[in-house]
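The chains carry the letters A, B, C and D, assigned in the order they are written, with residues numbered from 1 in each.
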Amino acid sequence: MPEPRILTVAEALREATDLCMRRDPRVFVMGEGVADPKAIFGTTAGLAAAHGAARVMETPIAENGFTGLAIGAAMMGRRPLIVHQRVDFALLSLEQLFNNAAKLHYVSNGRHRVPLVVRMIVGRGWGQGPAHSQSLETLFAQVPGLKVVLPATAREAKGQLIAAIEDDNPVVMIEHRWVHYATGAVPEGHYTVPLDGPRVVREGGDVTIVATSYMLLEALRAAETLAQAGIAAEVIDLAVLRPFVADPIVESVRRTGRLLCVDTGFRRYGAGAEIVASVVEQALGALKAPPVRLGLPEHPTPSSRALLGGFYPTALSIIDAAATLVGAGPARVEGPRAALAAALATVPMDVPHPTFRGPF
Amino acid sequence: MTGSLDLYRAMLRIRLVEEEIAARYAEQEMRCPVHLSIGQEAVAAGVCAALRRDDQMVSTHRCHAHYLAKGGDLKAMLAEIYGKAAGCCGGRGGSMHLFDHDAGLLLSLPIVASGLPIAAGVALSFAQEGSARVAVGFCGDGSIEEGVFHETLNLAAVHRLPVLFVLENNLYSCYTGLGDRQPARPFTDLARGYAMPVETADGNDVHAVRAATGRAVGRARAGQGPTLLVFDTYRWREHCGPNYDNDAGYRTEAEFLDWKARCPLARLRAELVRDGALDEAAELAMLNAITAEIEEAFAFARAAPFPEADTVAEHVHA
Amino acid sequence: MPEPRILTVAEALREATDLCMRRDPRVFVMGEGVADPKAIFGTTAGLAAAHGAARVMETPIAENGFTGLAIGAAMMGRRPLIVHQRVDFALLSLEQLFNNAAKLHYVSNGRHRVPLVVRMIVGRGWGQGPAHSQSLETLFAQVPGLKVVLPATAREAKGQLIAAIEDDNPVVMIEHRWVHYATGAVPEGHYTVPLDGPRVVREGGDVTIVATSYMLLEALRAAETLAQAGIAAEVIDLAVLRPFVADPIVESVRRTGRLLCVDTGFRRYGAGAEIVASVVEQALGALKAPPVRLGLPEHPTPSSRALLGGFYPTALSIIDAAATLVGAGPARVEGPRAALAAALATVPMDVPHPTFRGPF
Amino acid sequence: MTGSLDLYRAMLRIRLVEEEIAARYAEQEMRCPVHLSIGQEAVAAGVCAALRRDDQMVSTHRCHAHYLAKGGDLKAMLAEIYGKAAGCCGGRGGSMHLFDHDAGLLLSLPIVASGLPIAAGVALSFAQEGSARVAVGFCGDGSIEEGVFHETLNLAAVHRLPVLFVLENNLYSCYTGLGDRQPARPFTDLARGYAMPVETADGNDVHAVRAATGRAVGRARAGQGPTLLVFDTYRWREHCGPNYDNDAGYRTEAEFLDWKARCPLARLRAELVRDGALDEAAELAMLNAITAEIEEAFAFARAAPFPEADTVAEHVHA
């Protein structure tokens, strides 16, 4: 059998877009910088050359305007994919996205369709600062009519983006900048990863860890270390925040009795809150300990790395939370945790760590 | 090519539909906000007379006249306002969400200026398909204060999209006059910022509106890009609802009477009578035909069944 | 002692604004229609006449622009109060509100202050439709740096608005249109109701009902009926969604063992999720039954009243949920519930019911 | 009144600070994005020379020159870029959030056009206080594509606010040229849509910039409202970062050399030398003084302590 093809998530997203543009002439890409030399962190690299400026449209700096433009084209049967280089910029387009894209199918009693994909990127590292680093996934996830997906691994990212482009509904894809670097085996050609809910990524019987986006990579790293300490963590990629499907999580917690949620965005009012609430509604009796939520604290993102030490959940904080949750004393995880901590310490914390790049 | 008589019939039909809505609104069976177009009929009729059925328009909260002038189904409109299953939105939208895609009224939206980039996007789809169809986005004098109006004009201009932006200036945004919201300058100057052709005409002169629109449509179909059209007109009744509100304090009875004297229907009627194109008999026949249609449509809408409660969660996703 | 002064919430808000404008010349009001004949449902009635057009500024239809204008004035020490006639319109201003108003104090290391109040109104009834009826309170509540308050009763509304205007932070006040009609005894003169968390409105030992805004009025009506059936509900007004304070709720659930949350906005990703998650984290053992959440279903608001029958939680659905939660059979609540149902049936469901107007 | 020599010193200081940042960026101790202003110094120096210290400016992601020209503290700026506690934001903002309220640089924001309505709001506060101070909002050629630019100009015009909108046209938004983003028309036409006075000048001619700004400031202080100022200039280095990027493919080396030949510093220097206002000795003294200041400031910023990790949650609420 042939060597598996290892791509970064950024390359996988680029490949998905190129493939969909080749398969369907109605697909086009629009946004600020989609055809420029940086090509949205490489995710649109070469597309303008391959498909022409008419299908890879540079736009003015007008997020609300070009979002409406895309909605109008989508209503007429085109299949636009638009990109925002930061979630923070997409805040300018929420009126179009929430009032129009999300509601037109419903309010037209099913007659209108808005096959639109909105990609937006979560900044992190190198002093990004408060307005270039927001994730805000539950902001989008609470709006009926949207689908919201957060890719974490390369194979899924490609399949999820193809599924999103082929979906007849508006799909918001929130991509963490550091996820772009993650590598994994990516099949050639066309396939989809359905936007239909969580996916068990690693099996284990001691504790259920639910994470999204970059936090999934941290969780997987933590699970490895926990395994070395004899703690078997089941890791679930929530992946799709809307439509929200709790069943695989509930089912897992019924087996493990312990739930740890790790949000990429804020902990307060985060996806973890909905997960915990849904689980206790259905499986209160199965809980052996109070569920634990990790996520961003209740303040903006400072620029200086000196202030970021405790800002983001890490494999280490996930390990500690999981160990406490299963009632394992510090002694039990100490060794493997120390080894991981040492490995992590070799790289500054404001750049993505190589060992978190997979292959996953 | 629509003749003057057809234009008059179109305007009269709009007027009579709106007046019937106003007359029946107190029955409290039309349980949604209504923004009537009485006084502004010439813009709707004139613009639509210059369009083809397959051209697509995007309208606003004040969409009744646009919907009717473009050929939208009257029964589906009234059923929608009555909240019935036979409504164009199945009762889900109400008066501010009227649409009839087949007739070329793609969409109406209750959020000010929100439909403008969508109209430009419709034009983008026409351009991508190489079709000669044009898109039209309606907006009021308040809409041009929203940033997205400007983002849209710039987008349409730089991509030379086949779209018309029809600015219906009725001097007020709700109960606030232009002077409290914008500096004094001709609206036509707005187009210069986007190197966009502009047409302006008396919004109560349906011929002038049609002619101006025709020129813009010609450019759009010829691939020469968008046009801003500016038509001055006047809303006779209150911003939202069936009544007159000249006593509310934000505008004067005198101003209203002045505009009423320039009624777009009376103006065209005088011309038709002068030219012998409309005599009493013909007018009566026209009036009776329209009245009969309206009565039948209201009867239909009132008798039509409500949507089934258990369908409420359908069509969230396609 | 004198007759208590009964005002509507709308009148109470108007009085609070007028009082603050008289006390502090830096306070001014800005928005679309603040000086027009409708005066934002009467909440700004007479203010332009009393304080002049310079302090009650009509604005163009430019939500994002005038929000930024208010932020700039606030940074310079003015105290703007801006108003959006619908939450749906405020979506256009989130970039200013989230990236600037909420973060400037933090990113300036405490040097800048943004003493700004943003009022926005939730539409309901008379066929409002999908884009004139959104509540979206957790959208605002998830942003650190903002304070978010939802008034429900007249005395509190006046005190909360005065507190908001006197607060040195940006405060978002989300007012339900039907709450404007609610009446209650309102003290004369200056007083504040601190923006510091939930408030027990009615005491009871059988079940804890947490609600906000108009749902608090429904909950109180339900509690009365439940009492007639011998079920003692403790009703808590969450009131302030940010900063989020769970303690009084946790403390109440420790006593009742049962939790029912009623969201004014969406149930999914709603405030109820955060409440349930916070409670189970701290008081899992105290729960005698799985917590229950009520709120809006996962679709937009249809216009036709024929479709709205089951859309909004009501006193009746709250009664049913509470009764089930305490394990009371239908028989036990049947009588009082039927009486309430009959009373409610006398008024169409798309206009506010007189018996829900208090006085509270 | 700032003399030509002071203007030259101001521009040279900006140039040398930026070049030192560029030279040291590879050390990876300034761990935040930097948007350098090299090539655009005349706009910053000319505008600020026409202002009083207590006038307040709001800048963008490209704020270094504005901050320095307005008198912002150099040590606090560099410490901020180094992420230190002594930074103007205590390390919380980085290069795109520079401010020095006392010097009259109220705020810089990384979101395009986001600072413009805030600048107008500052002007509103001046108007409410009856002060003669003016506010300045900087924006690039990309910023005018954002709707809020237009909402702000309309708001400023209708309320006649004492605010200047300084449009720094450097032909590009990141790596996208004007032609891909806007139709061809003079930027001055943008002001007509708001009946707003407009001033335009060569952005590399500091005298012209100062004179144009002076006229606008005069009107603003006299209660005659806002002005749009349009200055053409050029960014020499990459959009974000220390390097040159003429090989990246979005612009040509020739274009860059053409603009470099019109260096705003060289231009003023030639004038000073011609007028005998600057001889070799004086220039050397100036150079040494500035270099010494910069070296000291970098030494300070590098040696300064980082903020304490446990202060991270402070100042969420006032």
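Following the convention adopted for this analysis, contacts are C-beta pairs under 8 Å (C-beta built on N, C-alpha and C of every residue); 3 or more make two chains touch, one makes a residue touch a chain.
Everything numeric here is computed off the predicted structure, so don't read it as measured data.
K.L.:
Hop distance check: chain B to chain C, minimum number of steps through touching chains?
P.N.:
So the least number of steps between the two chains is 1.
K.L.:
Compare the CA centroid of chain C with every other chain's and tell me the farthest one.
P.N.:
D
K.L.:
How big is the gap, in whole Å, between where the Cα atoms of chain B centre and where those of chain D centre?
P.N.:
46
K.L.:
Distance between chain A and chain D based on Cα centroids, please, to the nearest Å.
P.N.:
Taking the average C-alpha coordinate of chain A and of chain D, the gap between them is 37 Å.
K.L.:
Please set out, as single numbers or ranges, the residues of chain B touching at least two other chains.
P.N.:
Within chain B, residues 89, 92-93, 97, 109, 111, 145-148, 151, 154, 158, 180-182, 316 contact more than one other chain.
K.L.:
Which chain C residues touch at least two other chains?
P.N.:
Within chain C, the residues that touch at least two other chains are 59-60, 62, 64-65, 88, 92, 95, 99, 106-107, 129-131, 144-145, 243, 298-300, 302.
K.L.:
Among line, ring, star, complete and other, which one matches the pattern of chain touches?
P.N.:
complete
K.L.:
Applying the document's contact rule, which stretches of chain C touch chain B when the two form their complex?
P.N.:
Chain C residues touching chain B: 32-33, 35-38, 58-62, 64-65, 88-89, 92, 126-132, 297-300, 302-311, 348, 350.
K.L.:
Which positions of chain C touch chain D when the two form their complex?
P.N.:
28, 54, 57, 59-60, 62, 64-78, 95-96, 99-100, 104-113, 115, 144-145, 147, 168-169, 243
K.L.:
Please name which positions on chain D make contact with chain C in the complex.
P.N.:
56, 58, 89-90, 92-93, 97, 99, 101, 106-107, 109, 111, 114, 116-126, 128, 135, 147-148, 151-152, 154-155, 158-159, 314-318
K.L.:
For the complex, which residues does chain C have touching chain A?
P.N.:
Against chain A, chain C makes touches at 64, 88, 91-92, 94-95, 98-99, 102-103, 106-107, 129-131, 134, 136, 138-139, 141-142, 144-145, 243-244, 265-266, 268-274, 276-277, 280-282, 284, 287, 289-293, 298-300, 302.
K.L.:
Which positions of chain B touch chain D when the two form their complex?
P.N.:
145-151, 154, 157-158, 180-185, 189-190, 192-196
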